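The same chain A turns up in both complexes below, where it pairs with chain B and then with chain C.
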Partner chain A sequence: MIVGAALLVGATVVILGACVLLIIAVVAVRARRHSRNQRDEMLLSPLRQPLITVAAGEDDDGTAAEELTWATGVSRTVLDRNIAEMLTKVRGVPAEQLVHVLEVHGAVDAAVDDLTSRSTVKRARAAQLLGLARAERTVPLLVEALGDESVEVRNSAAYALGLIGDPVAAGPVLAAIGAPERGLPAATAAEALQSMGVGISGVLRDGMADPNARTRMVAAHLSGERSFTRGLPELRRLLDFDPDLTVRETSAVAIGRLGRGEDVGILVSHTASSEPLALRRACVVALGELGETEAIPALVLLLGDADPRLAELAATALLTMGPDGRHALAGHDDEPAVRTARLLASLQKASA
Partner chain B sequence: MSWDGFVEGLRSFVVWSMDATAVPIIIYFILINTSLLLLIVLAYLEFRAQQRRRSTAVSWQGAGLAPGVSLLVPAYNEEAGIVMAVKSFLTLRYPRHEVVVVDDGSSDQTFARLAEAFDLVQVPRELPHEIPVRATVLGIYVPRDGRTRLVVVRKENSGRSEAINVAINAASEPLVAMIDGDSILEPDGLLHVTRPFADDPTRMVATGGAIRPVNGSRVVSGRIVRVEMPQTWLPRIQLVEYLRAFLLGRTGWSRLGGLILISGAFGLFRRDVVVEVGGLDPDSIGEDFELVMRIHKRLRDEGRDYAIEFVPEPVSWTEVPVTAKVLRNQRRRWHRGLWETLWAYRTMLFRRKYGRVGWLALPYYWLFELIAPLLELFGILIVPLALALGVVNVPYAILFLVLAYGYAVLVTLSAMVVDEWAFHKHDRWRAVWQTIAASVLENIGYRQATVWWRLEGWWSSLRGKKHVWGVMTRTGFDEDAA
Partner chain C sequence: MSAPAGDPDASPVRVLVADDDADIRDLVEFKLTQAGYAVEAVPDGISAWEAFAANPPQLAVLDVMMPGLSGIDVLRKIRESEFSSVPVLLLSAKSRDSDVDTGFAVGADDYVIKPFSPRELLHRVNGMLARAR
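Right after this comes the complex of A and B.
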């Protein structure tokens, strides 16, 4: 026998034993979740009414908020977790009252301490709580947390900085996207930067020269979204020369949103058939967004393009350019792209 | 030759076969189990990270960087559920998405149902030919209301792959999601699977989502309102297979950076990359696997920096076969597709430029996915024969069998723990016991049958037999259990 009987028996016992342990694990995980939910429910039930009163903005005399500050022990922990969850939804006076409850409970100070905890989950949740509590004094700590070894903590710190909205954090947030080995997810960074006001336009302009493509893309995207015209020269440069196609497309879209008449030329130049099709299409849409009548001759030429989608986008762009654009379509009525664009425009108009 | 002589000859043959194959089979057994253990460990690490991410998740509603998505729905004779499916796709929570349905020459009322439900009008649009298609497009339609983001394309029947290629040509968003018309998506499913694209917009080229069987669950208006176990054992066992494949296999490979398979029932791709590699191969049986392999090959050949990721959150629910006949056809097709794709990309094996795909994922799929049924069949035939001839010690053989199948149960139970810990989709305790029972029952009859069906698929390919697509009989979803 290749495998000794004793070894076989041993291996079988180990495997079957592991199976039994896994079954116990399934049952235990399920039972633990069930009992924890029940416990939380029980602890929260006497506090639910005042909590709803505060969150609904009906606590005019502050008695409900006061009642919430009395919670102690595990009840307080469960309550604080629920308050943190509510703070993602409520604004104004109710939010301020809930933050006050957290402060009285010492949750905000504890979160500052937890930022250096060994537990990733604790650090991340602490960062989030500081953001939800709009604790402006903790911005330097949160900026430091952007370089945390765990992506969850970096993500939570960026989220918190977005909630606080202090533009001083914009530079570190943008820089964190391209940090080697410890990058910040672009989506979180973009959302955080979105809520930091107009003071970030300079940071975005600098970001468009960053060596990391994701950073350039976020900076270009936000410059367009927020209509930061100061970034136009950099956007033009990215559209012309960036090695990354996604960055070029994003720049074209941004120029379409905030560009000027002088940008028609650069956008038109990238509708040439030698350019990647996705970029050509983005530039045609951008020309439509821009709405400058100087683009009309170039768009008319594109009505006969070999790519039917591009031709249709050109026709749609012309239709949005007022009488001059519509007039330019005369003589092209037989072309499917023009007929489709007209039909879709009429359907949209009829349903408006 | 006398009967005794025949038996003696057979006995000698069986003894010789067992002696000759014992060492290779033991080595194979150790290798396959070790690799499975490694995948379990990798999946565990990934889930621990995922769980951490989930417990510290910040709300993301797809604002800002969320790329637009075109949901591509090929439909062939789907009159029973197409309208409900499209309505549920249109109402998914996502900031920018459209639905592109391609009616692949249905002979039933698929198009008529759509036309009536959405008041479709024909548009004189010409489709781009970015991906070449053979079939003629008969017409393109949009809803009269001018707002609903739906495009319906009618074409001659030419198969699912061509239907998806037509849909890619018709799609206008930067990401394309390939979805079966009978699938149900989680309301936040798109937010989950697009998140990697938003987090890493310049590198991410494809993501796959976990798929679960919907059989038995309560479905109302295209939404799952209560997750239940299937009512019969055949789909219950498939549920166990899905848990294993998605929660351990794909998650482990994704963690390792060697994901080479994204399920056709739900996959999300960058449109420009799919166009660049030429879309789905209409002549391939395993078209989804083939597409991912082609993307890997092209991007690695060009030395591009890219990522393909698996999202373990249950994203899509699909009806699995409830009859052995349909299941047989499916498994034959899957294994044939696996073989043809692995063979087509054999030059990627052990080449440095293909990294973990060439050095780990592909050898694994060759050894433990493709060849496994062959060895298992050998075992299925030789062990009973050896027992009948008294060549092997009965307790020894039983122990070996318990060990082999016990290991299979162990792998399934690991997936169950992960599912319970991370997703806990099933509320009832009964579901736990049924899943455990299914993981044991899987080894009695089901596993042996699928081994045979898989080999049938492989054999028919080697013989150059033309593949005939079977009909997947759908019960459809209604207000009651699916």
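Right after this comes the complex of A and C.
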């Protein structure tokens, strides 16, 4: 009994001690961060006005930018960090002037060196800085960094390539999604590719034939987002035959965005009850997005579907099709799907 | 940069700027002040609405994502107020079509996506005020 009580007291003391140590550690880290922020603010203080002047595009004679180039030592490091942050906020001539300051400080060259640093944090930060500085000459190095062992570095490299926007990098970014073990998250790749202009439509078409399903999905999604109509034949093929359900759903949505009247048939065919439910729903949404009145009879039939969500999506699609679609709903007002769709539409209108 | 048009003896046009990002707040304030506007800059949505209600400006530049009240919330309050016709420009990092649609649906007169060109922002402010006159 006494031994048990002693053990309990001992365990309590250990736990309390651990808690106290944890609190001390948290307070110490916060205090250190606070004091570092204060130091940074103090160091930046004399450079704050020239920085704002350049960022606001009010440095017509270049004196403020020149003043920024004079910074040395720790002040320069703090300033360069702030300039990098400012580059996420402004574009145009002010951004070009700020990049020039970074170049004079040697920050861009240092970032190139840091891309091969042993520190993951340094590599990731270096990639980001090169992107923010729109350092086009470093595209090959950033493409190489897409295969980095760290996902943070791979993400930063893709982000940087997106900022630089050179379509030359589109193929490697898309291919990096399917890289074994060192893959790039699909969302990161999609975001980077979004920034690369119309020059990537060919890469996306090729990507829809990639062996990796996530690569095909991103290529299909972006073809729809960017309205690359030349990808329509591949999208139709994916919708019909792809072995991956998500790819088929994504293709249906993309066809809804950029398809034509002739796509009503293929979308309607995949709303059949023999198809997977997720694909049927995606096709109904796509028919609404497509807005072709030829789809109205098929959508009216789906108002009585066994899946209530699908029926509601069909009603919503009809509501978005203008007078013809709304006319087709006449006589179905008592159906729960139609009531729900009308209610949702009015709520959306009210909250807008 | 050209000063806002109008009678040089008249008091400057007042612009409210609300952004929780000090860099953006400072640079927009500086840009507009250099152009001859009288700027009141605040760091959050609640302060923005208080400043607006206390002394309605001729134009407001609102960040969308702010603590307390968002720019959309402030815009909604402005449109429901007796000074509902004050032009409002939304400044936001939210760049999706649906974000822009929401901004205009609530009543924004313009929507500028970050990163932005301060020069372009000034042109838009000048244009909005010219149309409002």
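In this section, the second predicted complex is superposed on the first by the 308 of 352 C-alpha atoms of A that agree within 3 Å, B and C clash if a C-alpha of one lies under 4 Å from a C-alpha of the other, contacts with A are read in each partner's own complex, and residues count from 1 in each chain.
We take it that a contact is a pair of C-beta atoms (placed from the backbone, for glycine too) under 8 Å apart; a residue touches a chain by one contact, two chains touch by 3 or more.
These figures come from a predicted structure and were not determined experimentally.
Shared-chain residue A:A11: touches chain B; no touch with chain C. Of the two partner chains, chain C is the only one touched by A:A56; chain B is not. By the touch criterion stated above, A:P46 is placed in contact with neither chain B nor chain C.
Once the two structures are superposed, chain B and chain C can be ranked by residues of chain A touched, with B on top.
With both structures placed on the common chain, the touch criterion links A:G106 to neither chain B nor chain C. Once the two complexes are overlaid on the shared chain, A:T88 sits against chain B and chain C alike.
In the superposed model, A:P233 lies in contact with neither chain B nor chain C. Contacts of A:G199 after superposition: neither chain B nor chain C is touched. Comparing which residues of chain A touch chain B with which touch chain C, the overlap comprises 88, 352. The residues of chain A lying in touch with chain B in their complex are 1-3, 5, 8-9, 11-12, 15-16, 18-19, 22-23, 25-27, 29-30, 33, 88, 120-121, 124-125, 128, 150-153, 155-156, 159, 185-188, 190-191, 194, 213-214, 217-218, 221-222, 225, 244-247, 276-278, 307-309, 312, 336-337, 339-340, 343-344, 347-352.
Within the complex formed with chain A, the chain B residues making contact are 22-23, 26, 52-53, 55-56, 58-60, 63-66, 121, 123-128, 130, 142, 144-147, 172, 174, 195, 198-203, 272, 275, 393, 396, 399-400, 402-403, 406-407, 409-410, 413-414, 416-417, 420-421, 424, 429, 432, 436.
Only residues 48, 52-53, 55-58, 82, 85-95, 352 of chain A touch chain C when the two sit together in their complex.
Considering their complex, residues 1, 21, 23-24, 26-28, 30-31, 34, 101-102, 105-106, 114-120 of chain C touch chain A.
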